[in-house]
Structure formats: C-alpha cells, structure tokens
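Take a look at the structures below.
Both of the next two complexes hold subunit A, though its partner changes from subunit B to subunit C.
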Partner chain A sequence: MATTGKVKGIIANLVIVEVEAAVSQNEICFIILDEVRLMAEVIKVIGKDAYVQVFESTRGLKIGSTVEFAGHLLEVTLGPGILSKNYDGLQNDLDKMDGVFLKRGEYTFPLDEDKLWDFKPIAKAGETVEAASWLGEVDENFQPHKIMVPFVFEGSYTVKSVAEAGQYKITDTIAVLVDEKGNDVEVNMIQKWPVKKAITHYKNKPRPFKLLETGVRTIDTINPIVEGGTGFIPGPFGTGKTVLQHGISKQAEADIVIIAACGERANEVVEIFTEFPELVDPHTGRKLIERTTIIANTSNMPVAAREASVYTAMTLAEYYRAMGLKILLMADSTSRWAQALREMSNRLEELPGPDAFPMDLSAIIANFYARAGYVELNNGKTGSITFIGTVSPAGGNLKEPVTESTKKVARCFFALQQSRADSKRYPAINPIDSYSKYLEYPEFAEYISERINDQWIPKVNRLKTMLQRGLEVSEQINILGDSSAGCL
Partner chain B sequence: MSTKAFQKIYTKISQITKATISLHATGVGNDELALVNGKLAQVVKLMGDEITLQVFGGTEGIPTNAEVTFIGKSPTLNVSDNLAGRFFDAFGNPIDGGPKVEGTEVEIGGPSVNPVRRKQPSELIATGIAGIDLNNTLVSGQKIPFFTDPDQPYNEVMANVALRAKADKIILGGMGLTNDDYLYYKQVFDNAGALDRIVSFVSTTDHPPVTRLLVPDMALCAAEYFAVQKNESVLVLLTDMTLYADSLSIVSNRMDQIPSKDSMPGSLYSDLAKIYEKAVQFPAGGSITIIAVTTLSGGDITHAIPDNTGYITEGQLFLRRDTDIGKVIVDPFRSLSRLKQLVIGDKTREDHPQVMNAAIRLFADAANAKTKMENGFDLTDYDERSLNFAKDYSDKLLAIDVNVGIDEMLDTGWNLFGKHFKREEVSIKQELVEKYWPAN
Partner chain C sequence: MGWRFLSKLIFWGILQQDAFDKVDCASPIERQEYMLNIVIDICDKEYNFSGFAEVGPYFKKVINVLKQMNYALFKSDDFFKEEKELEKLLAESQVAVEA
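Presenting the complex of A and B:
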C-alpha cells in the first residue's frame, strides 16, 4: 500500500504535505486536485511534514487535498523510440498531447507502445550477464540501439533464452534470465532509471583524448573539445549562444545529439522543430532529426520541471553511452537551471549563498558536469558524452556564481564577445579569452600527432601567441597612432 | 462581484502588513480572490487554516475586524467580441463609462502553448520606421521591448508602431502610466479612427502599484481570445515593464523573500518569461505579437530588469538621441531583432540584408572616425566621407520620424552609398551593386 498524505500548506509551487507513513527524499507524489493529478517531488522532510515541489501550477489547490506517493524517484523511461522525440522536462511526449495549450496534470508515455522493432539477438543462452550487458539490438532510425539488462538488476544472471530475430513491441519479452537464486526473470525493451542518479555501469572512465570535431573552425582549431569532454559558453544576450549551440549540434560528428532547451525561448525550439527534419547530417546523409532528441522545457513552463529537464537529458545520454555510442549533449541554458534551484531554495527559506543562489550550487554544477565523460564499457567497447552548456551571466558580468562554479569544472571555455557580436561577426568567440585544457593533455597530444602531425599543437600555441601579440599591437596603435606600430 | 448570501463572512484578521493580511479560514484555494472590506485581494500563501492575502489596493485603513469573503475563483476576464473598443482597469472593470462586458469567463494567466504546436513566425510587420523595418525587422509572433531612458518619446513611437502595424486588434496594457500618457494613447487611437480595434487595460499611477501585476495577464487573456478563437493577428503593447517588475519586488519584499540582484525577486526571469512567452504564431493563422517598453536608468542594460528581459525577448529596440542631427534614432548597434532573418531578403527585396549590413558597417566606421577626431588625430578622406554619410543615414533613415515603405528605405540607402562612397567601398555583392547603384 503506497503512502498517502494531506496538503497542509501552499506557497506558490512549494506544498507542505502531512504524511501518514514513510517517504523518501526525492520521492515522486501526486496531489489530487479535482480530476487532475499534479506531479511533485519531495525536496525536504521535517517530522511528519514532507516539503514537495510541484511540477505544475498550484492554482485552486486547497488545504486537505489528498496526496499519493509513488514509491519511486523521478525517473525516465528508457527504450527504443527516444530519438526524434520532443519531450518536456519530465519526458512527456509533447506530440502526444492534444490541443494547442498544455493541460495541467497531463502526462504522456514517452515511447511508442505499438511500434514493431526489428530485433536481432546478441547474447546467447548460457552466457553470464549483468546489468547493462547487451542482450540484443534493434534499428532505431539508423542507429543500432542495444537492448540491455536493466541497470537496476544486481548481481549476475545466466541467460536462459533470447528471442529470435524478428519483430517485437517494446513490451514483448525478448529474454529470460535466471538470477543467482535460480528464479526466472523476464526482460523486455523498456527500463526505468532515476534521473538524479548517474548510470555508472562501465568498467572505467579514462581521461578523454579523442578530438570531437564540432564543425566550428575556431573551436576545432584553436580550442578543441574532445569526445567525453566538457565545455561551456558564457555570453551576454545577443552574442549568439543558442545559435552557436545549434550550429554545433548540426555539424558535430556525434552519433546522437540531445538538446535540452532549459528555460529558453519557445521560438528557438520551434526553429529546431522546423529545420532539423529538413537538414541533412553531414556524416551519415540522414536527416538531422533522426539522430536528435529535444527536451523542451521553455521559460514559460513550470520552473520545477525546468530543474528536472537537464537531469532527464543527461540520463538519456547516459543510456545511449552504455550502448557504446558517441553522444553530444547541449544544455541551453544552465543559468536558468541554477535560477530554478534558487527559486526553490528561496521558498524553502534556506540561508542564501552569493546572489541568493543556494550554498551548494557549486557542488550541484560540479556533480552534473562529472556525469559527462569517455568510458570503457564492461564488454570492452567505448562510449562518450560530450557536454556543452551555455551560461547566461547577469549583466554579461562573468563574476557571478553560475559562471564561476562552471569555470571550475568545465575543461573548455568558449568566451563570446559583445563587440564581435555588435559588428555582426558570428560565431563571436574570442580566441584569446577562450581556452581548452585538452591542449595540455599528453593523451590528446599523442592522438593528434597520430591523426594530424606532431607539429599541430605547437602550431596552435604559436597562433595563439600571435593573436595575443596582434591585440597588443592594435591597442598600442589606438593609443599612440599608426606610426608607433613600427617600434614594436 | 457582489457577495452572495450563503457565503461565509470572516471578521477576524490575525495579521496586517503594508500589502498583506492573514486570517483563519477553511476551504480556500490557492490564488483565489477575496474581498476585504470591498477591496480585492488574492490568496498568496496557505498554512494550515491560516490564509495570507495580498490586498491589491493596499491595506491602509483595514481594521482587524474587516469583513472578508472568498470569491471561489482566481482573477478572470469575460471575453467576447464586445471587448473591442473598450477601456478597463487592472481588474477588467470598465473605466470608460460603458456597460460590463458579457462573454465567456476565462481565468487569466492561463496555460502555456505546447511548443510543438507553435508555428515558426514568418509574417513581416511593417512600421514605416526605417530603424525598425530596415535594420530590425519585426515579425508577427515576436516579442520585443523598447529599451529606452524615461526621457525618450517611447509612448509616441509605440502608438505609431501600433497604428501602422495593420494588426486586427491592438491591446494596450498600461502599467504605472501617468494619467497624461493614458489620455494621450486614448486620443491618438481615437484620432486615427482605430478605437474599434483597440482594447485597453490600464493601471495608472493613481492606482496602487500592486494592481499593475494583473495588467499583463488581463491584456494577454484578451489577446488569446482574439488570436485563438478568431484567428486574428493581435498586437499587445505593454508599457512600462520596469514598473511591473518594481511591483514584483514590492510584493516579494513584503513577503520576506530574499532578494537577488538589484533587489529583484529571484523569480524575476520566470515571472517575465511567463508574460513574454505568450507571444506566438498559431498554426491556424492567429498570432500574438508583444511590443513592450522597458525604461532604463541612464542607458544601463546590465540592471536586472533589462538584463533578464534581454534573455527572454527576441531582441530589443534601443532609442537614443543622436546629437549630430538632434533627433531620436533607433540605435543600429544596440538594437537587434532576432527574427528578422526569417523575412528579410525573402519577404522583402533581395538586396535588403546586404544594404542593411553595409550601412551599419559604414556607420561603425563613422563611429571610429569620430573617436579619432575627438582624440585629435588627423582624419582621412574616407573618415570625412563616412562622417557625412553617418549624418545623412541618421537623418534620412534612423530617425524615428521617418515613415516610408521598405523599398523606399532601400533606395534611400543606395542613394546615400552613391553620394558618399565608391562602389568598391560598400562591400556589397557585385550583381546587386550593378542592379541598384544609383545612376550618375
């Protein structure tokens, strides 16, 4: 019997629930308001009171309303059919919702239950498997999508049988496993995973070293990012953060691109909806939308779901990484996510840190960036999540908590410059202020020596010095006039 | 909003602050409206049976035994075609002496549009002002503010834009308008014979500041009626959003919330986004375009209000006085319309993007020449010519009193290029130069 409770207090989207039995931190619950069920997440418990943040508007909610606890944390549904989907921050399939306006309390299943998938077995009867082992694969658009032993399975299992090649629905049993006690366990193509927990079913996570070409020349040449690397793009409004991210997501040589539009403009998301089905992936010749999933939690959608949206996106990326794929994850903008944290922290009346952000903001951002990375899977294959987040610093001033916290953890910094944007030169990346720590990695240098030549990195460094000198000279000319240039 | 006989009347107020009162009551919903001695109030916090109400008219003179009745719903507006041509206060009550509007009762501040049901904006809105049409073209479904110091004539520019925009309906949301400005809008719309397509919701400086908070939602609720039900193109004018944000900070302050940058509430971004994101192009043809005013203090766009606004809106139009010509211009450097590339050179003449960029580049050259001149360096012939060009460009195109069609703006641009520069100096594509370069 699931735990229930009653609403005791309401302050905007923070609701205090008096619970009758045990609840977990971050457990999901539903508040019953007439015919609709409002989804919420436990964020604090004091005595019998659970403080929950509601992912919807709480208009009209009354004291005494019934609350039903779901017994699980906020989780995503994983399985074939995620690519090309447009989700909201809670992984609701937006295309399945009727009507022009979003209805409160409407939740849609993120996968297609009736679609048939061409399944090919990988594992054989008698093999020993564990969580994240590959049992078989289906063709998702043009990507091989591995059907894995669910991540929540503990210990080792023996494969009793795997379904023959053929067409199956996601709910059909595709394998029967035997656990250590000798019980049969049936596995289908769907599994669930809590978004705030990293999927760590891999052997190890070495330092990344392979160049990831983004297709943006100034990045690839001067400040390259690697497969499994992290980077961030801070910039005042109008300097082209979103346009740059869209550019990278169009050109980058990734297998899968996941875009989290986190608290940004809806018309920008509409641009992706309109363009990506038409544009061609330069690497495979297929349509871009076939390798892309969009998490659209635009700025007017509920703020608590905005916080969840980046975690939803990261968890989907981790799922695909476990299949040995190269994922590019873009979050626009991580500042909106941080602001969502601030709004909740404020309502919880926590003591504020700098600029009223929560004290643990830095740690939250660091933990999130740490989920990206290049990994060696248990079967020897590799996969990666390259993460690039935008930051929208207040007033364009980089001395603010979100930029500073991000700078500590992200390895690439792509600085956008107002004056470049003003003179309509895009991407407005300043090559001098920007940096890539990967240029200092010996692993990366070795990789580049093999792929390009051993003079590449010294040449890049020389170019950077020349750009720096050029800037100094032009500043001197501005002060002393053209004639002074000769004396340098 | 008359009190019904069976409604429970509470008369024991437990706490009074400048903007809120608290009392014990049951069966009350969040956001619900109430009357406190006839003053409208809204539930902002429920804790057990203790209810906190925000009193829109302020709490001056409210006694601890005031009569409080709950209305059982959040703020609503009656929508129908009869809204057209009418003037309302922040609560949706007529202030033009006319009758109450009959229609469907709709809660204001309704749900968001599903992003996958939006259509990409593609209809150009012509205003006749070259600083806008040529350099920062507006598109239906766009949201864009004027960033302007309080001394600039932004209300006049807004009124002009509204009247020339050929929208089916114009909805004015006035927050903290002075009575003089309110009467100005009324008169301009009346003189233009446009009153029948105008709906106004106004909270003037005569009203308590907290009432401003209702104005944008009222205006957008009416806009959604015409855009969704009638498939009309609706233009919403919101002036002044800085005063709206000020009211947000007043309320959050009274509720003991910890302020973030510039004393603004931490939720400022979400609060503003909720309003601006109502701008939309619907697939069925209707659209809501929002043109707002955000007044600045000394041109400072790093203040929390313009800063958050800039991250939400699709560009901004920056007004400033050009000392060379003594007129107010739309600043080509600091202004931006993010949606212009959806229409320019496509819905407008082919040379539009190139003429626009060349002119701004030459204007930037003039700005550099000016700095050079001010620092006492010698000017080259090119510097002199770009300075002369800049003066002409400001006067004939950037000034806000310009009112011509886009083709004429482009022709003017070519004439100015021909007057001040050589063909190779404008860096425009050869074939366009050959086609459009003025004779002689």
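Presenting the complex of A and C:
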C-alpha cells in the first residue's frame, strides 16, 4: 500500500506534509484536491515532515488534504515517438491536452500507445546483454531509434528470443531475456528513468575533441565548440540569445536537437512551436521538427516545473546518446531555472548564498553540465551530448552568481553584445570577449589538423591577437585622439 | 599596417555574418577556411599609401567586397566575380607580398 500523509502547511507552492511512513528524497507524491491530483516532489525531509514542491498552482489547497506518495522519483518515459513532440517540463504531451490553457492536475502519456513501429532485431538468441545493450531498432522519423535493455536492469542477461522484423506497438514484447537466476524477463519498447540521475551506461567518457560545426563563423572559426562540449551564452534582454540558439539548432551537425524553453516568455515559445515545423533541415532536406523535441515550461507555468524541464531534457538527451547519436541540447534559460531554485530555497528558509541563490548553486550547475559529454558506449560506438545554455543576467551584470557559476564549468563562452544587437547585427557575438577552452586541448588540435590543416589553430590565434590589438589601439585613440592614429 | 584597420577587416570581413540571410546564415567549415586564408593573406601584405587618409576608405572597399563574397553561394560565379574584384583591389595598393 502506498504511503500517505496529510497537508500540514502551505507556503505558495511549497507544501509541508506530515507523513505516515518513510518517504525518500525526490519521491513523487500527489496531493488530492477535490477531483484533481496535484503532482509534487519531496525536496526535504525532517522527522515526520516532508517538504514537497508542487508542480501546479496550489490555489484552494487546504490543511488536512490527503497526500499519496508514488514510491518512485520523478521519471520520464523513454521509447520511440519522442521526436517531434512538444512536452511540458513533466513530459506531458502538450498536443494531447485540450484548450488554450493547461488544466491543473492534467497529465498525459508522452508516447503514442497505438502507433505501429517497424521493428528490426539486432540482438540474437543466446547473446549475453546488459543494461543499454541494443536489442533492436525502429525507424523514428528517419532516425535509427535503438530499443535497448532497460537501464534499470542490473547484471547480465541472456537473450532467449527477439521478435522477428515487423510492426509492433510500444507495449508489445519485443524480447525475452533470462536473468542470472534463470527467470524470464519480458522487454517492450518503453522504459522509465528518474530525471535527476544521470544515465551512465557507457564504457568511457573521454575528453571531447571533434569540432561541432554550427555554421556560425564567430563560433566555428575562433571559439569552436566540440561534439559533447559545453557552452553558454550570457546576454541581457534583447541581445539575441534566442536568435543565436535557434540558428545553432537549425544548422549544427547534430542528429537530434532538444530544446528546453525553461521559464521563457510564452510568445517566444510559441515562436518555436510555429517556426520549427516550417523549417527545412539543411543537412537532410526534411523538416527540422522531425529530429527535434521541444520541452516548454514558460514563465507563467509554476516555477517548480522549470527545474524538472531541464532535467527532463537532459535525460531524453542521454537516452538518445546511448543509441550512438549526436545530440544538441539547448536550454533557454538556465537563469530562470536558478531563479526557481532560489524561490524554493527561500521558502525552505535555507541559509542564502550570494544574491539569495542557494549556497550549493555552483554545485547544482556543475553537476548538470557534467551530464553532457562525449562517450564511448559498451558496444564500441560513440555518442555525444553538446549542451549550450543561455544565461539571462539581470541588467547585463556578468558578475552575478548564475553567470559566475556557469563560467566555472562551461568550456565555451559566447558573449553577446548589446550594441551589436541594437544595430540589428545578428549573431551579436563579441569575438574578443568570447572564448573556447577547446582550442587548448591537444586532442582537438590533433583532430583539427586532420579535419582542416595543422596551421589552422596558429592562424586562429593570430587572428585573435590582431583583433585584440585592434581593440587596444581603438581605446588608445579614444584617449589620445585621431592624430595619434598615424603609427597605429 | 594599422591594427585598427586589420581588426575591422577581420571582424567585418569574415566574423560578422547575417543571421537572416539565406546564404550567409550558415557557413560550412571549408568556406570558413577559404575565407580565413584570404583575410590572413590580406593582413600579411604590405601596402603603399601616400597618406593616412587613404587607408580607411581603402579598407572599407575591401571589407565591402568580402561581405559580398559572404552573401554569394560558395564557389559560385558571383563568388568568383567578387574574388576577382578583391584581387584587383589588392593589386592597386600592394607593393610587395610577404608570407
């Protein structure tokens, strides 16, 4: 029987629940409000009291309301059919919801249960497999979507049978495995995974080294990002963060693009929803939306779900990486996520850090960025998650905690400049203030010598020096006047 | 040669692109390499100007041709036409070529 509890206190969307049995950190629960069940997540437990953040509006909630604990953490459902979908931060399929506004307490299944998929087996009977081993493949919008041994499986299994090539629903059994104790385990095309836990079913995570072409010259030429690399775009309001992210999403050489619109204005998200289905992928000639998933959690949605949205996006990216694909994950903006963390931290009356953000903000951001990367899978294939987040520093102050914490972990920094954006020059990247640490990686130098030539990095460094000298001279002229310019 | 003009040339000639232009919004790495080599060559050349006042307008012309190259399809007729124009412009003011 599920653990239950009663609401004891309500502070906006932080609810204190007196529980009747043990609950775990980050466990999901549902608060019963008349006919509606409000999803919430345990974020702190003190004695008999569980502090839960509610992913919905808590209007009308009363002391004494019943709470039912689900016995699992916040999970996403993984399987074919994720691409082209528009989800909210909790992986509800937005297209399945009626009406213009989202109804409180309405949750929808993220995949299509009735759709038939063309399945082709990969594993053979008698083979030994483990979590994340590939059992078969379906064609998902022309991307090879691998059906894997569920990530939660422990130890090794022997394949007893794999379904023959044909059409199957996601709930149909496509393989039967035998565990180490001799029990048969049926596997279908769907599995679940908790979003706050990284999927680490790979052999090795070497330093990334392959250039990820974005088509943006200020990035590729002088501040390159690599497959499996991390970067961030700080910029005040209106400097073109979203324009740049959209541009990179369209042009970058990635197999899958996942966009997490976290706490952004609804009109910007609507723009993504309407623009992406129309865009043509320059690499395949197909619609860009066919290899894109959008996770939208706009600024008018409850703040707690913002945090969930970035973790949901990262978990989906890790799922596709385990298939040996190149994923580009864009989060716009991580500042709004940090603001959500700050709100919850303040309501929990935790000791505040700089600007009232939680003391462990740096660690939270670092742990999140660390989930990106280039990996060698157990079967020898490789996959990558390239993560680019935007930061919206209030008033353009790049010394604020979110920018500072992100700067410590992200290896690329693409500085946007207000004056360039004001004069309608996009992308508005300042090439001198921006940097890429990957230029210093010997692995990258070796790769680029083969991909372009061995003189590329020395030339790029010369270019940067000339740009820097030009800036210094301009500043000098500003002080000494034009008459000093003759020798400069 | 003035650092100020070279940095402007690098920035306006190759780095700044037009995110809203069909061709210039995305530049394959082969094209970036091609253009980088052109710009580095321009930076390495020596020029013969009779006065400082000539330098600014001259480089404005060079930048303009580079921009037109960026707007043309890579290695298309228009692209090579602009490249020829650039060579002509460079020949006008150049006295010696150094690596």
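The rule is simple: the second predicted complex is superposed on the first by the 487 of 488 C-alpha atoms of A that agree within 3 Å, B and C clash if a C-alpha of one lies under 4 Å from a C-alpha of the other, contacts with A are read in each partner's own complex, and residues count from 1 in each chain.
To be clear about the criterion, contacts are C-beta pairs under 8 Å (C-beta built on N, C-alpha and C of every residue); 3 or more make two chains touch, one makes a residue touch a chain.
These figures come from a predicted structure and were not determined experimentally.
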item: Subunit C versus subunit B on the shared subunit A, clash or fit after superposition; value: fit
item: Partner chain in contact with A:Ser392 - subunit B first, subunit C second, else both or neither; value: first
item: Which partner reaches more residues of subunit A (counting touched residues only), subunit B or subunit C; value: B
item: Which of subunit B and subunit C A:Lys62 touches, first, second, both or neither; value: first
item: Partner chain(s) touched by A:Asp220 [first = subunit B, second = subunit C, both, neither]; value: second
item: Subunit B versus subunit C as contact partner of A:Lys287, first or second or both or neither; value: neither
item: Which of subunit B and subunit C A:Lys459 touches, first, second, both or neither; value: second
item: Once both complexes are placed on the shared chain, angle at subunit A toward subunit B and subunit C, C-alpha, multiple of 10 degrees; value: 80
item: Subunit B versus subunit C as contact partner of A:Ser474, first or second or both or neither; value: second
item: Subunit B versus subunit C as contact partner of A:Leu102, first or second or both or neither; value: first
item: Partner chain in contact with A:Val270 - subunit B first, subunit C second, else both or neither; value: first
item: Distance in angstrom between the closest Cα atoms of subunit C and subunit B, superposition on A; value: 11
item: Subunit A positions touched by subunit B in one structure and by subunit C in the second; value: none
item: Footprint of subunit A on subunit B - complex, ascending; value: 26-32, 44-49, 74, 107, 109-121, 141-142, 228, 257-261, 266-267, 269-270, 273-274, 277-278, 280, 282, 301-304, 307-308, 310-312, 314-316, 333-334, 336, 338-339, 357, 360-361, 364, 377
item: Subunit B contact footprint on subunit A (complex, rising order); value: 8-12, 16, 57-63, 86, 94-95, 97, 99-104, 236-238, 263, 265-267, 269-271, 273-274, 296, 298-301, 303, 333, 336, 339-340, 342-343, 346, 352, 355-357, 392, 394-397, 422-424, 481
item: Residue numbers on subunit C that touch subunit A, as the complex places them; value: 2-8, 10-11, 14-20, 25-29, 32-33, 35-37, 39-40, 43, 52
item: Residues of subunit A touching subunit C in the complex; value: 211, 213, 215-218, 220-222, 240, 243-244, 247, 250-251, 282, 425-427, 431, 451-453, 456, 459-460, 462-463, 466-474, 477, 485-486, 488
